[in-house]
Structures are given as structure tokens and as C-alpha cells.
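Structures for review follow.
Presented sequentially are two complexes of chain A, the first with chain B as partner and the second with chain C.
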Partner chain A sequence: MTVTESEQLAYVAAKAADARVNVELETDDGMTLNIGPQHPATHGTLRIVAKLDGEQVLWVEPIMGYMHRGYEKLVEVRTYPQITTLVNRIDWLAASCNEVPFILAAEQLMGVEAPLRAQYLRTIFHEMGRIAHLTMFLGDMGVQIGALTPMFYAMRDREFVLNQTESVSGGRFHPNFNRIGGLKDDIPKGWLDETIRIMRKMEAFCDQMEELLLGNEIFEQRTRGIGIIPAEIAQQYGLTGANLRASGVDWDLRRDVDSPMAWKHADFDVITHTDGDCYARTWVRLQETREACKIVTQLCEDLPAGPIMAKVPRIIKVPAGEAYVATENPLGEMGYYVVSQGDLGPFRVKIRTASFHNISIVPWVLRGVYVPDIISILGSLYFILGDIDR
Partner chain B sequence: MGLVESGKLPKPLTQLLNTSRKYSLWMYQWGLACCAIEMAAAMAGPRFDIMRLGVIPLPASPRQSDLLCVSGTVTDKMVPAVRRLWEQMPDPKYVISMGSCANCGGPYWDSYSVTKGVDQVIPVDVYVPGCPPRPEALLEGVVLLQERIQNEDMADKWRGDPIVVS
Partner chain C sequence: MMLGLELAYWQESILRSLGVLAAVLLPAGTFVYVFLFKMVSFMQNRLGPMEAGPYGSMQLLAEVGKALQKEDVVPDAADRTLFKMAPYIVVATVLLTYVVVPFGPDMVFIDNQFFGTGIFYVMAVSSISVIGIILAGWASASKYSLLGALRAAGQLIAYELPLVLSVIGVVIQAGTLDLQRIVVAQATGEIFGWGAIGNPFILTQFIGLLIFMIAMQAELAQTPFDMPVAESEVVGGYHVEYTGLRFLLFFIGEFATAGAFAAIAATLFLGGWWLPGLDLEANYMNVLGPIILLAKMMVFGGIIFFIRFTYPRLREDQLQRFAWKFLIPLALVNITATGILKVVF
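This part shows the complex of A and B:
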């Protein structure tokens, strides 16, 4: 076979990728185990190099960057409306949750605020993204532990939520529906009733999961008391979202930050758990799915009438300035720091994603655990590779 | 099979072998990004259920699989691993490239770290367009691949020169 230029490049890239792992693979004290970059338990392309002593982990090193797509550089050459298409794909399971903080940051710089109806609908889509995201988590958590059945239930019920998103926006999970100043379109007729009906279905799904997964004895044995993260450590490592709440820290941006979204009009609880182990993290996420269903139902019931788009110029130019807006993603705090110089596109955008910070605790929490627990802990920490690498 | 290697495979036997091959594809799923979720929906979702087409997902290793489904963004860091796993698959092997990213770079067409198309390193049989393609689109891709397998001259495939990728 002739060696072509791209093969040559691939060879060089392979060498570079291997050189990044600064471990010697053959040592007398212990064995080095490489998990990934293609492994079902790594949700994509995370690579973990673990040094083992028998069954016990001495240390681990997560290696990232297999999904790095250069977001922060790409958004510098896109205009604002184009960027929403792109940022949809950061955390691919809950696309509308990625759009919202960016749109809010741009709106803040422009000094516009979406009409109330648009705020409500944005929140509804945000929460529906959360439901689709966490449903996937519940199914996936089962798969990690070795229970394949929850996945089928999760996939079945997730479709209902995706269908609702699709009937509004045309995209199953990349809706790209938020615009600066409001939303692209209004909802179709009969959509609200259908959504409320589906939320009831999703609540039934949560009950089912509670019995099927969390009530399972094997599941409890493999998750209870495993991978405990105390509250101080969690805060020191910058964990956010359900991982932090499962360690007993009552922290939720939906409630704590006054953003132009409709969470303040809904009545919901912030779920916390005191244990901080894998079971607590799964439990918190399950209850959060319930709360999200509650929020969507409430907001659908008292959705105000009115326009869905504020007055914005046709060609969007954002005045010079800086803004940081963060919202509560299903994974944690997702924020955009937008620096504008008055052009069609931003000058610089820093994207703060939750998974990148959540994954930083992996070396700490995996030290000293047994090999099967690696999978439970990684599964319950729950990260999306696109969210880590961007 | 000596007949295949010597190129003297009778037509009906080819037909028979091709039919059995096309309905027993073991698919090695290389889920990389958003498209992987749609692939998972096609594999595990009861609504789509890829197994009714005779495709069996989740083989334990690429060495047991006939079909590689690359779904999602292939980055320059990932490309050597894609190539290495493809090389480990036994012949005859087929590749489905799912999603714009794997086809051509997709929304990251001007990114510095994304490979603009997995066909730069491995030969692709079926391209499934979309960002992300619906699970039905992946099923359609599988059906197209099966058509291709059905009409394949096996002797040709076996005798064939090694594929040169450029």
C-alpha cells in the first residue's frame, strides 16, 4: 500500500497522541491500564490511564482533547446568529440549554429583553432539554452497572420529548430555536396540551426508574458508599450542578440568579442529598427530572399571550462591552463570557462548561478505589465529551 | 473457500453467500459526538430497532465485526485510533460514515482540529447526510449497503487489489 500524505499525517498524529501520556507502560510496581478513547463507559472519547496495584487504583490520569473542535476560535469568525447553530452542539444532549446563556449574554450587551411569552417558552425548552438529557443519564447509568433494560425504557420515553421539540423547531435535538430578542416561531396549535400529557408520561417514567433502577439491590450495592465526594472537596474542585447538590450543597442557578427566564414564575424544589456517593448523584438527577416535568407543566399551564420577538434590528450588531451569563445546565453551570467590539461577531468568547470542571475531580475521587468502581463513579459523575473538550 | 479465491464462484452460490452476508452484519459502533446519540436511538430505541434489518450492534471487539459505523466528529487526535481499529477488522469490511462531520467536517468545516471527512483515512461505502441524521436515515444507509453487498461479485472482492486510500 502506498503511503499517502494523509496517512503520513495520521502516523505523526498517533505519535503525538501517545507522547502526551507521560507514563511508562511497563513498570515493576503495578500495571498500567488504558481505558479508552473508545470505550462504552467513557461516554464517547475520554481516555483514562490508570495505574493499578492488583485491583486497586493507585492513580489515574484523564486525557482529554479527543473531541476538541476549537469552539472558542470558531465563534470568533461567525456572526451572532450563526453562533447559536454552533453552540447547540457543545453539550449535544441538551442543545437548547447551550443556546440560552449565549443569547442572554448577547441580549444583555444589546440591552434588549425577550418578551414574557418568549421567556416562558425558552424556559420550557430548556427544561425539556434537561428532561431528555437526564433520561439518557438514567438509562446510561444502568448500562454502566450492567443493567441493559433501563436503556430501552429511557430510549422509548425520550422519544416523546424529542418529538415535541421536533414539532416546534424541526430538529430532534438540535433545535436552534432561540434568536436574539426572542424565538424563531410560535408554538403550533395543540402543542401545550400534548406537552402536558407527555410530562405526565415522563413522571410515570421516573416512578418506573425509581423502582427498576434505584430500587434494585445490585444497583444499590454497586453505588452506595462508592466515590464519596465531601462538600468542601466538591467546592474546591469547582463542581457544579447535580454533582454538587448530591454532596449536600444547596446551589442552583435557576433559583439563585435573577435571569430573564421564567424559573421565578414556577414553583420547584432544589433537590439535595447528603451522602455524596454514586447513589446520591443518581438519585438527585432522577428527582431533578421530576422537578423539570413539574416546571414544564406549570409554565405550559400559565403561558402568557403576546409577541415572541422583541424589536431587534435585522442585522445584529452587538455594542462593545463584556458580559458573563451563566445558567443551570443539566450538567451544571454553563456560562459564556462574551467580549464584543461592536462587530457582527464577538471578539472573544470564553465558554465555561460544567463537565470540564466536573471531570477535574476524577484523579482525586478515583484514587484508591477498585477497578469496577471506576465505571460506577465515572457514570455517576456524568459528563459529555463535547462539553469537556468543546 | 477455495472457489472464491480461484475466482470460479458460480452465480447462484454468489447470490446465496451475498444474501446471507447482507443479513448478518455485525456493526461496530464508533460513536463520537452528537450523531452517536441518534445511532444509539437507532440501536437501542424500540421505535427504530436496527436489529430487524439483520444488523447486530455492540460486538465485543472490532475483530468480530463486518461494518464500522463512524458517527460524529472525527478530530485529528482521534483519526489514528479510527484508522487502527479499521485495520483490525477482518475483510470484507464496510464503513458507514454517519453525519456531516464524518462526511466532510460539517459545521466545523473551518476548524483547526477537526478532520474534514473520515474518508481521508478509511474508505467509506455509504455516506449518511444530516446534522444529525435521523435514525431512519441510518437505517436507510444500512439498506443501501445491503443492496451493495447483494450485488457484489465476491470473487472480485477477494481478488481485488488492496484499496489505496488517498
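This part shows the complex of A and C:
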């Protein structure tokens, strides 16, 4: 029994309005399985309605919005300095990465640029957020495939990075450290040496994961050749980040876009893989963790002296205008389109999150796979629910 | 005649029933504490339970107490009778499995003259637990349960065959199905005329042991073959709707089955309750035997749980392919080789 693409689209279109309630009643052919909203594999509240024939998936429809927190609306009633606190919570695993594009957009509108030292430190925190995020991914990928133990190693080693973030900002998860024009504080004494030491540890962790998880035969059997996304399809669906690079598209905003951040001062490789399967996505993320360690080490060694805050007025008013700034976040391209009318707060903010676009390929990539493959594909696409629903 | 005491038949029967209960619950509890709580915690960079009792040794009682207090929820759409019955079938299977395992020269629960089929009986009754699992999955009226139960059924049937075939090598070598006589055959056996350590079948039947271990892992639904209960896919599979006492029964069933299979593996391949240098007929073996057997079971339990927390999970079709295309041919080759060598030597 097969469902053609046009039939599926017709079905989805016809049921779009009431799919949220009625879809599980449609059991005339095949079984409808609701994966989520409460399901361990969706690590959050994503719901995936899958039509199954035995264990084979005929088609799926991801339903999102269970965790919609209305950030785009909330930021309209807040001043610019207040907004970083909110947007910290979008992709909660790498909070400082969420602040950066917004701050950059506001700075661009104001015509302010952070001092070089602040740019370096922002980049360091951005990359440390990436390390914490991808460390979690590596652990989580093991859990999705059924190996519990790597998760605990990931948790243990992520702690070092979080401790470093905490020792600077006071916040482990939500540092809220970036300000318009620079940073809140300078780093404490001895922090750089400690960070470089911890980057060595994280590189050791990457080696360990490469042997423990990616070198495992069963892991390879479960991920190689599963959920292959060709490059053109990935681009059509607007995939970004490691998911795109795993399909062989050499595209990285850190290198390709000239933003007032310190990536241009660091020497790093953009990792790509040609396979586009689950294994490639996992592998690319593992190598990116290594590259992030490299970037942090380099920037810590070359950190210039100087002020950490540019001259900005005490009460921040952003002149009227529009700006879109995106950075390469752990999940992919994250951008803020800020429309200002010259007030204390923005008139409208559109948040482009990576997970929302990455998850849009799910109906395409999950057709015809087996139920266990749903889990490994979702795990390797890697999304954060807060990042999907905002 | 047990432990040198003269007992009436009813007294002996009561002792034997209590003995089976102890034989089921003690290894199961030991496995849970030593392996699931502690060994795995140390593997995973944590301490495990530390508060209840010294080093958390009373944690198991706390867990049981917690489970007993919980409400026994039956889903609305469930088939109530079957739903309530299923966990008892699973646990009863384990009790039946233990019946033929010998713990000492006289420490047997059923006399051999009534029950000489031994290992054949074990293989037969251990399959009954599938019925309990399918009942649980179907009666829960949950799609996840159903998927889990069907996976369990397919898997347990696929791995029953290599399990049985791997044992046949031992049976050919010992010349008997009776577990007690398999122990005696290992104790009195000789390796090319050298009889100091007997002839534990692990030496000659290592392929059989390998297949037995793999099939046992699948039969127990432990990682890498834990698709029936895969928590990241079917969220616990057939027992997803169970709470309280009934969940506890499934839990005990899982670990007691692990104990039972470990006991059978120890009996078949490691010489059971006997150790080299000990008197096979002596009365003290009735006390020492269970301890030796438990120690050997712990070896197998350690391997089972070490693998469980080391490997990821295979996919259902990969597992079936592995069973039919690799394990069963290998087991048949092993049987052939054993048969030929038995005739030659």
C-alpha cells in the first residue's frame, strides 16, 4: 500500500484545519500513531502523526505549536535591554547564541559596533554555547538509538563548559551577558587559562565519543543510509546548519557573512559530509564541536586588551529602520528581523529559528522508513522545541 | 531426604515451594541491586542509590514499597481480565523455569524420576512468557503496547530457535536432557584423560555458549535487542499502561528471567553447582551448591547488564536478519561439528 505525494498533499490540505483533533480517527487504511506531544524521542512537545502500515511509515505530519510562548509578540512590549533576557529562552541549550544576532541587529540599527575585545568575548561565549549544545546532542543521539551511557559522559563534560559560563556571567543556562554595545562585565582573572584547559578536556571528550558512539557497529547500522537528504532537497526545504552541511553544501554564516564578530580572526574549517544520512549529521556535529574548541582556544590566546563596552546612551533608543542579522547557531541559521520606529522597544521582531525550518523536511524524509528510523532521523535532525515554537 | 533431615512429603513440598520463591526472588533482587543500581551507576559516572541503607542496599525494598502503594490503573478501553492476568503469566513462567534447575546433589525442586526432560522443559516453558506479553500488549488497548508486544513476539520466536539449537550441542556431549546429569557429566568429565577440573562445557561448546548468550540477550529483551521495550521508540512497549503492583510483577519477571537464564547458562556451560575439588556426593554441597551457582549466575548477569548499558539498539528487521541468517546457521554448524566429534572421540 502506497500513498502518492499528491494524495498526501490533498489529505493534508483537506484536514489542515481539524487535523489536530481528528487525524487519529482516520484508521481506514493503516494505523495512525501519534508520536508525541508527550514522547521521549521528541524531547519536548512536538507531535508527529504517523500513518503506519505495520512498522513502515506511509506518511507523517509534524504538528507544532504546543510550546508556543509568543516571543515575537512579547518583545514588542519590552525595551531593547530587556529583550535579551527573553530570547535567551528560545534555544535553551545555547542561550548566549540567541542573544548575539538580536544584539547585532540592534547595534546595526544604532550604528554602534562593540569594541574588539567584546567581539572576541562574544564569539568565545557563542562557541562555548555551541560546545555545550552539541555535547548534549552527542549524548542525546545515543539515547535515541538506545545507548544510555554516552548521555552521562556528555552531561559530565558539558558541566565544565557551563561552569565557565557561570563563572563569568553568574548564569549557567541563561547568561544574559551581552549588552547593546558590548558586554556586561569583563572576564575574571585566570579565566582564559582555565577555559583553554577545559577546551583540551572537551577535545578529549570528542575523541571518546568518536570511539564510543560513532565507532560502534550497531550505531553505524542504525544511522548509515538512514534518512538521506540530498543537497538540493535540503536547500529547497531551507535546512541550515549541520543538517545542510551533512548533505554536502558548504555553507556557514560564520565564514560567509562579515559580521562584527571574531570568527574572521580565527582559523577553522567548515565541516561537510557528502552522505546526508543520520551518520553524516552526527559526524558533522562531532567535528564541529572540535572546531569550536579550536576557535575558543585561538580566541582566548589572542584576546586583545581594551574596553568591553562601546559608547552607548544610558537610555537606549534605536533609530527608525529595519535590519536582519543572522548568525550560525548550533542548530543552524538564527536571525532576527528587527523593525524599529525609534522607540524604546522594537515595533516588530521576526525571529527566524533554525529548528522550525529543519523540522519542515520531516514529512519528506520520514516517508517509507520504519518506526525506529523515525527516532534516529528526528534525533539526528536535532531540534529544540523552544526553537521550533518560539 | 534433604540436608540429612527426615521430612514428611508435605513438609518437603512446602520447603520446595519456598525454595522456588527464594530462588526466583533472591537472584532477581541481587541482579537489580548489584547490576542495575550499582554497576551501571559506576559505568555511568554516578553513585547510584546511596541513602536507603548502607550504600543504598535497602533501595530495592523502598522501590517495592513505592510500587505497592500505587494505584492499580486499568485503562478504560482495556480488556480488564486479560490486562490483569498478563503479568501473572509472565511471572509464573519464571517460576516454572526454575523448577528443574539443580542447586546441589539433593537440592532439586522436582525429582528426576518424574522429570527427566530438564532442558527441553525449560525451553518449552520459557516460551510461555510470550503469551503473557502479547496479552499485555493487546489488552492494554494502546498502539505503543501493541507495537511493543508484536515486536516481542517476533523477536522471542526468532531467538527461541538459536537458543534451543545452541543447547543441543551440550545435550549431545552430556548424553542427557536432565540438568542434574549435565552437571554430573561436567564434573566427572575428562579433558584428554585429565580430570582435575572435570570438563565444563564452556571449553568445548564455546560457540554454543556464544549463541546462547546472544539469544538470551534477545530473549530477555535487553539492549542491543530491546526493541519490545525501547523507551525512546515505543515508550516501554507492552508494559506502558501498567502501574503499581502489576508493573512490579513485569519488572520482577524481567529480572527473574534474567536470573533463570543465567542459572541455566551456568548449569549448562560452567558446571552448575559444582566446583573442581569438591565432593560431588557430599551433603555439604547442598549448602555450598546454591552459593556456587549464584556466584556463577552473577558472572552471566554481569555480562548481560554490561552489554545492556554499553551498546545501542538494533532495529527489528536487522535483528531478525541476524537471527535467521547468522545465528541459526552457526548453531547448525556447531551441532554438526559436535556430533561428528562425539562419534570420533
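Here is the rule we use: the second predicted complex is superposed on the first by the 367 of 390 C-alpha atoms of A that agree within 3 Å, B and C clash if a C-alpha of one lies under 4 Å from a C-alpha of the other, contacts with A are read in each partner's own complex, and residues count from 1 in each chain.
Assume a residue touches a chain if its C-beta (ideal position, glycine included) is under 8 Å from a C-beta of that chain, and two chains touch if they have at least 3 such contacts.
Note that the coordinates shown come from a computational prediction; the quantities given were computed from them, not determined experimentally.
Visitor: Identify the partner contact of A:Val362: answer first if only chain B is touched, second if only chain C is, both if each is, neither if none is.
Guide: neither
Visitor: Go through the superposed model and pick first if A:Val296 touches only chain B, second if only chain C, both, or neither.
Guide: neither
Visitor: For A:Phe152, select first, second, both or neither according to whether it touches chain B, chain C, the two together, or no partner.
Guide: A:Phe152 contacts both chain B and chain C.
Visitor: Of the partners chain B and chain C, which touch A:Pro372 in the superposed model: first, second, both, neither?
Guide: second
Visitor: On chain A, which partner touches more residues: chain B or chain C?
Guide: Larger number of chain A residues touched: B.
Visitor: Going by the contact definition given at the top, which residues of chain A touch chain B in one complex and chain C in the other?
Guide: Residues common to the chain A contacts of chain C and of chain B are 152, 156, listed in rising order.
Visitor: What part of chain B is in contact with chain A in the complex they form?
Guide: 30-34, 36-38, 40-41, 44-47, 72-73, 75-81, 83-85, 107-108, 110-114, 120-121, 131-132, 134, 162, 164-166
Visitor: So in the complex, which bits of chain A are touching chain C?
Guide: Residues in contact with chain C: 31, 33-34, 39-41, 55, 142-149, 152-153, 156, 213, 216, 218-219, 221-222, 370-375.
Visitor: Using the touch definition from the top, list the residues of chain A that touch chain B in their complex.
Guide: 1-2, 4, 6-7, 9-11, 13-14, 16-17, 37-38, 44-45, 65-70, 73-74, 77, 85-86, 89, 92-93, 136, 139, 151-152, 155-156, 158-159, 172-174, 385-386
Visitor: Residue numbers of chain C touching chain A in their complex, please.
Guide: So the residues of chain C touching chain A come out as 43-46, 143-144, 147, 223-224, 226-227, 230-235, 309-318.
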